[in-house]
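Note that the chains are named A, B, C, D, E and F in the order they appear, and that numbering of residues resets to 1 at the start of each chain.
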Amino acid sequence: MKGVPNYLVALALTALACSLASAFDPSPLQDFCVSTNSSLDGVFVNGKFCKDPKLVTPNDFFFPGLNIPGSTENQLGLAVTGVGVDQLFGLNTLGISLARVDIAPYGVNPPHTHPRATEIFLVVEGTLLAGFVSSSPDNRLFAKILNPGDLFIFPFGLIHFQINVGKTNAVAFASFSSQNPGAITIANNVFGSNPPINPDVLVKAFQLDKNVVMSLQKKFST
Amino acid sequence: MKGVPNYLVALALTALACSLASAFDPSPLQDFCVSTNSSLDGVFVNGKFCKDPKLVTPNDFFFPGLNIPGSTENQLGLAVTGVGVDQLFGLNTLGISLARVDIAPYGVNPPHTHPRATEIFLVVEGTLLAGFVSSSPDNRLFAKILNPGDLFIFPFGLIHFQINVGKTNAVAFASFSSQNPGAITIANNVFGSNPPINPDVLVKAFQLDKNVVMSLQKKFST
Amino acid sequence: MKGVPNYLVALALTALACSLASAFDPSPLQDFCVSTNSSLDGVFVNGKFCKDPKLVTPNDFFFPGLNIPGSTENQLGLAVTGVGVDQLFGLNTLGISLARVDIAPYGVNPPHTHPRATEIFLVVEGTLLAGFVSSSPDNRLFAKILNPGDLFIFPFGLIHFQINVGKTNAVAFASFSSQNPGAITIANNVFGSNPPINPDVLVKAFQLDKNVVMSLQKKFST
Amino acid sequence: MKGVPNYLVALALTALACSLASAFDPSPLQDFCVSTNSSLDGVFVNGKFCKDPKLVTPNDFFFPGLNIPGSTENQLGLAVTGVGVDQLFGLNTLGISLARVDIAPYGVNPPHTHPRATEIFLVVEGTLLAGFVSSSPDNRLFAKILNPGDLFIFPFGLIHFQINVGKTNAVAFASFSSQNPGAITIANNVFGSNPPINPDVLVKAFQLDKNVVMSLQKKFST
Amino acid sequence: MKGVPNYLVALALTALACSLASAFDPSPLQDFCVSTNSSLDGVFVNGKFCKDPKLVTPNDFFFPGLNIPGSTENQLGLAVTGVGVDQLFGLNTLGISLARVDIAPYGVNPPHTHPRATEIFLVVEGTLLAGFVSSSPDNRLFAKILNPGDLFIFPFGLIHFQINVGKTNAVAFASFSSQNPGAITIANNVFGSNPPINPDVLVKAFQLDKNVVMSLQKKFST
Amino acid sequence: MKGVPNYLVALALTALACSLASAFDPSPLQDFCVSTNSSLDGVFVNGKFCKDPKLVTPNDFFFPGLNIPGSTENQLGLAVTGVGVDQLFGLNTLGISLARVDIAPYGVNPPHTHPRATEIFLVVEGTLLAGFVSSSPDNRLFAKILNPGDLFIFPFGLIHFQINVGKTNAVAFASFSSQNPGAITIANNVFGSNPPINPDVLVKAFQLDKNVVMSLQKKFST
C-alpha cells in the first residue's frame, strides 16, 4: 500500500481484526472465563484458555481510554480502536465486543466483512454515509446518512462501509455480536494477500487488465 | 412504588425490557429477517415473524435520536432508552442490541439481571461506580469507578448495577449480546410482582419483619 | 447470615451452585468427555478438561445416594443436594444436571435464578407453593400449589422460589438444562456480596433506610 | 408385534416419542413461548407456534399425576409416561423435558436412542440394570446395577436400555436435554418400519436367515 | 456485467446464493421440517415454514440430475448448480447443503464468501487451483493445485476462489455446513450493487482512479 | 462377525466413526483451529487442541485420494473412506466432514445412525436403494432408488441404510453436518458390544430365542 504508513494501516487492521466477536460463540459454561496468554508451548483451543477464577479481579473486565481519538493521519483517514478478547481478556466466552471508529473528513472505512458477527454502529460525532450490500444475486445496497445519535445495523457476514461526508471528524462506536468477530478488508484481502492470488483469477473476476491487477497487487502488498 | 411517577418507571423498564439481546440467539438463516407486527390472530413464534425481504428498506436498520438525554426526573434519577428488536425491527435474528443510559447525580441503575445477554457498558459522560456480583456461593463483588472512555463488562446473567458518584449527569451506552435480552430489576421483580409473592417467602429469604416485607410490597406494587 | 450455621448454608449453596446446567451448552463433539481435575497449573478452558476416553468407566456416569434426605436443620429449613458437572464428571459437555431438594415444614427455597438454565421441578413428597416472576416491566407471578406427582417449570433465567405449605417434609427433584447452570440466591447475592455493595445503591433500589440496608448487609455477610 | 396389545406399545412409544428434548434446542428469545395447537391450515415451524403471552397462565407450566404408575401389563413389562412439549405446552423453547418410567419384574426398556438429547436416569424404586454402548468402532458397554437413589447418564445420541433385575416394580424419572428429544426403539424402527425395509438389507446387516428376518418383520409390523 | 449473458450469471449466482448452509443453523426440533412455499400473505420466519409431516414423502428428500454438467458458456466459464433449502425443501432445519461446480478451461469461480458456512470442496474431474485468504491483518493465502480425488477446505466466512489450470473441464462437489449459507461474489457485490456504492468509497478503498471505478460499476451493474 | 476379515470391518467402521461431524458443533472462534495430536499427558478438551496458527500450511486443509475405490472384499461388500477431523486436522471447529462410500453388487451399508449429524448422500456411480426410518411411534420408511447424479437426505440422528441393487459397483459421497458426527452401526452396537449386553434384554427387545441372541452375540463379538 503506497503513500500511507504501513504500520498505521497494520495497527488499525490489527485492532479491527482483534476486536470483533459473534452471536454464534459457544456459550459460557461458568460465570466468566477470563482468557490468559499462557501458551502451553504452542497449544491452543477453540477460543482461549482461562485464568484461575480465584485470581480474577475487576480490572479483567475494565478497559479505559475510549474517549481518546485514534490517529487518522493515514491514507484512508481512518482509525479503528478495537476492544475484543485479545485486548480485554474478560470478554472470553461472553459473545460481545466493541470498537471505537474515527474517520477524518473525506476518510473512508473501506468495504469489509466480519466473518463471525453482526455489527451495531452508533454515530456520536460528525456525519457519515454508511451502507451494506445484501448477498448474491440481489446485491442490494442499503445505505443511509448518519448524524450524531443515529444507529445503523450491519447484518451478520455482509459487506459494509462508511465514508465521512461531513466537514469535521466523525466518531462512532461499533458493537459486535462476538468476542472475536474477525475482519476482512476486501481490497487488502483480495489484492494484498501473502503470497498474492494468481492474477488471472482477479483479471476474470474484476474484469480488469492484467497490468491493473498487478499494479493493485503491488500497492496492497505489505 | 411510592413517590415516583409510575409511568416513568414503567417507561424506563419497558425500554430496558425491550432493548436487550443474547449470545445464545438462534443464528440468522438468511441475510436478514426484519420483524413485523403482523399478529396472525395472537399466534407467535420463538422470536418474531418477518416482513417480505423485498419490502425491506434502509430505514428498517436505522434508529435516530440516541444523542438526546432521557428524562431522569424520577426517584431513581434514571432513564434507559432501549433499542432492541421491539424498537428496531431489523435487529431480529441478529443477536445484538443497544441502550442509552442516563443517570443524574446520586441516581442509581438498581441491581438487575439480563436473563439472555452479556452487557458491555461504555461511559461517555460523568463518573459512575459500576459492579456485578458472581453467583453462589462466592457472591464476589467486582466493582470499578468509571470515567468517560471507560468500558466495563457485566457477564451473562449476573446481577449488576451503577450509581452516579459524580456531580454531573452521566451517560453511557450499553451493548447486549441478544436482540431481546430481557431485564429483571430485582426489587421490582421480587417485591413488586403481580400478584405479590407470599410474604412468608420473603420474610425468610430476606430475614426481614413481615411488616417491612408488606410495606415494601405496597411500595413496589404497580 | 445470623442465627443459622454458615457452613450449612454454604454447603447448600455450593451444592446448588455446582449442580446446575443449560440448553445453551456447547454441544458434545465426541461420545463423551468426562471432566478431570487436572489443573494444568491454574489453566482452565470454557467448561472442563476431559480424561482419556480409554480410561473412562461406568462409574464416571454413576451417582448414588439421592434417596437420602439432606439436613434441613438450618434457618431456611432447606437442603439442596446438587449433581452437576462438579459432582458427576460424566456430565461434562452433555447439557443437563439434577438436584434433590428437601424443604422442612415452613421452610423456604428463597428467590433465586439460574443464569444458564431452565428448571423442571418434580414434587415427590409433601406440599409446596412454587412460583416464578416474568421479567420487566410486567413482573407477573406464576404460582401453583404442588403435591406429589406434580411438575412445574421455571423458565430460563427467571427468578423463582418454593415454600413448604404442608405439615411434613417436602422432597422434589429438579432437572436443569445445563451441566453447570449456576445459582444466584437474590438476598445473599445482593446483601451478602464480598465486599459489600455501596449501601446507597441498595437504599435507592429497595427504598429502605440506610440503617436497614446496613443491618441486612451485616446479617448476610459471610 | 405379537402377544402384546399394540395400543399399549403404541401408547408407551407415543409417550416416549413425545416426551424427550435437547441440549441443542434453539434458545428462548423471550421469557417463555407456550406452544399452541393452532394449526394455521397445516403450516408448521421448526418447533411450535406460541400462544399470546398475555393469555398464559400458571397451568401452562404445570403437569400433575406423575405419582401414578403406568400400566406395565404388556409384553415388555414397560410403561413410559412422557412430559415433553406435546404434553406440557410451556416447555416450548426451554430445552428440557421429563418422563416417568415403570418397569415390572423381568420387564425391559429395550435398546433405543434419542436423536436430540442426553438423558439423566434417576431410580426411585426397585433394582435395574442400565447400560449404554459407545459408537463405532469401539461399541463399549457401560453398564451398572441401579438401586433407589442411584443416578446414571445416557450420553447424547447413544443406544441405551434398562432391565428390571429385582423382584418388585421399578420406577425411575428420566430428564432429557431437549423439549422434544425423540425416541428410536431399535427393534421396532428396524424390523417394524412402515413400509418394511428390504429384507436383504437386514439379512446382511444382522447375519440372519431371510426367514428369520421376515418373521421378525411380521412380529414388529403394526 | 458486459460481454456475458446476464441471465446466466444471474442463474449461476442465484443457484449459488440459494444452495448453501451452516454449522450455526438452529437445530432441528423434530425429525424433519420440510419447507413449504406457503407464503401466508408475505409473512416469513427465521428459516422456513414447514409442511404437515403427515404429507411428507421420500421425494421431499430427493434431488436428481447432478450428473449433468451446467453450461459454462459465459464470461467466467462457470456453472454452479446449487441444492440448498430453496431447491430441496427437505433440507430445512438440517444444517447442510451441496452444489455442483463446473469450470471450463481458463474459467474462474471468482473470489467470494459464504456468510453462514464452511465449505468442503471435492474435485472429481480436471485440475483446479483453489485458495482462501485468512482475515485481517495477516491476509495469508492458503492455495493448492487440486486433481480428481483431492479435497480442500474453505473455512467459515473466509474469501476463496478456484481457477481451472488444466486443459479440460473441471467438475467439483461443494458441501456447505448450512442449508442456506448465502454467497457474496466480491466483485459483483462491491462494484455491482443496486443502487451503486458512492464511488468515492471505492476510489479510496481500492486506490483506483474514479474513472476506473465508475467503469467497473457500469460493467457490473445488472 | 464370522466369514469376513475383522480388520476390514474395523477399518471401515473406524473410518466411518472418525469421518463424521454436526450442525450442532460449537462455532469457530477464530479463522481456523487446526487440530493437533499433542496429548498433554492424556488431557483432552471438548473437540481438539489446535496447533499454532503461524505453523498452519495449505496441507492442513488438503486430503487426496478420494478417487481411489476402497476394497469391498468383505462380507458386507462395503468400504467407507472417511475424512473427518481425525483424518483431516483442518476440519476442527468447522462443522462439516465427508466420506467416500463404495458398495459392491449385492453389498449393503447396514442400518446405522450418526449421533451428531445430518447426512447428504450423492450417488456418482451405480444404482442403490437408500432409506431412513422416522422416530417412534411412526417408524415410517422413506426410501428411494438412486442413480448417478441423485442426491438423498438422511435427517439428523435417524437410522438409515443403502443396498446396491445394480450389477456394478456403486460409489457415493456422503457429507455430514459435523466434523465428528460419529456412527452407530446398529447390529454391531447392539449384538457386538464389549462386554455383551445381558441377553435377556435382547430376547425381550427383539422377540428372539435366547439361543439366537447368543449366537448373534458370538458372531458380532470382535
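FYI, a residue touches a chain if its C-beta (ideal position, glycine included) is under 8 Å from a C-beta of that chain, and two chains touch if they have at least 3 such contacts.
Keep in mind that this is a model prediction, so the values were computed, not measured.
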| item | value |
| --- | --- |
| Contact-graph separation of subunit A and subunit F, given in steps at minimum | 1 |
| Set of chains whose contacts include both subunit D and subunit A | B, C, E, F |
| Chain whose Cα centroid lies at the greatest distance from that of subunit B | F |
| Residue-number overlap at the subunit A/subunit E interface, same or different (half cut) | same |
| Per Cα centroids, the chain farthest from subunit D | A |
| Centre-of-Cα separation between subunit F and subunit C, whole angstrom | 40 |
| Euclidean distance of C-alpha centroids - subunit C vs subunit E, Å | 47 |
| Computed distance of Cα centres, subunit F from subunit D, in Å | 24 |
| Mean-CA-position distance for subunit F and subunit E (Å) | 27 |
| Where subunit E touches two or more other chains, by residue | 22, 24-28, 31, 40, 45, 47, 115-116, 131, 135, 143, 156, 158, 182 |
| Arrangement of touching chains [line / ring / star / complete / other] | other |
| Each pair of chains that touches, named by its two labels | A-B, A-C, A-E, A-F, B-C, B-D, B-E, C-D, C-F, D-E, D-F, E-F |
| Sites on subunit B touched by subunit D in the complex | 22, 24-26, 40, 42-48, 115-116, 178-180, 182 |
| Residue ranges of subunit F touching subunit D (in the complex, touch as defined) | 1-2, 10, 13-14, 16-17, 24, 75-76, 106-108, 110-113, 115-116, 129, 131, 133, 135-141, 143, 156-159, 161, 163, 182-198, 200-202, 204-208, 212, 216, 219-220, 222 |
| Interfacial residue positions of subunit F with respect to subunit E in the complex | 22-25, 27-28, 31-32, 56-59, 61-68, 83, 88, 90-91, 94-98, 118-120, 122, 124, 131-132, 134-135, 142-144, 146-153, 155-156, 158, 173, 175-178 |
| Interfacial residue positions of subunit F with respect to subunit A in the complex | 26-31, 33, 36, 38, 40, 45, 47, 49-53, 55, 92-93 |
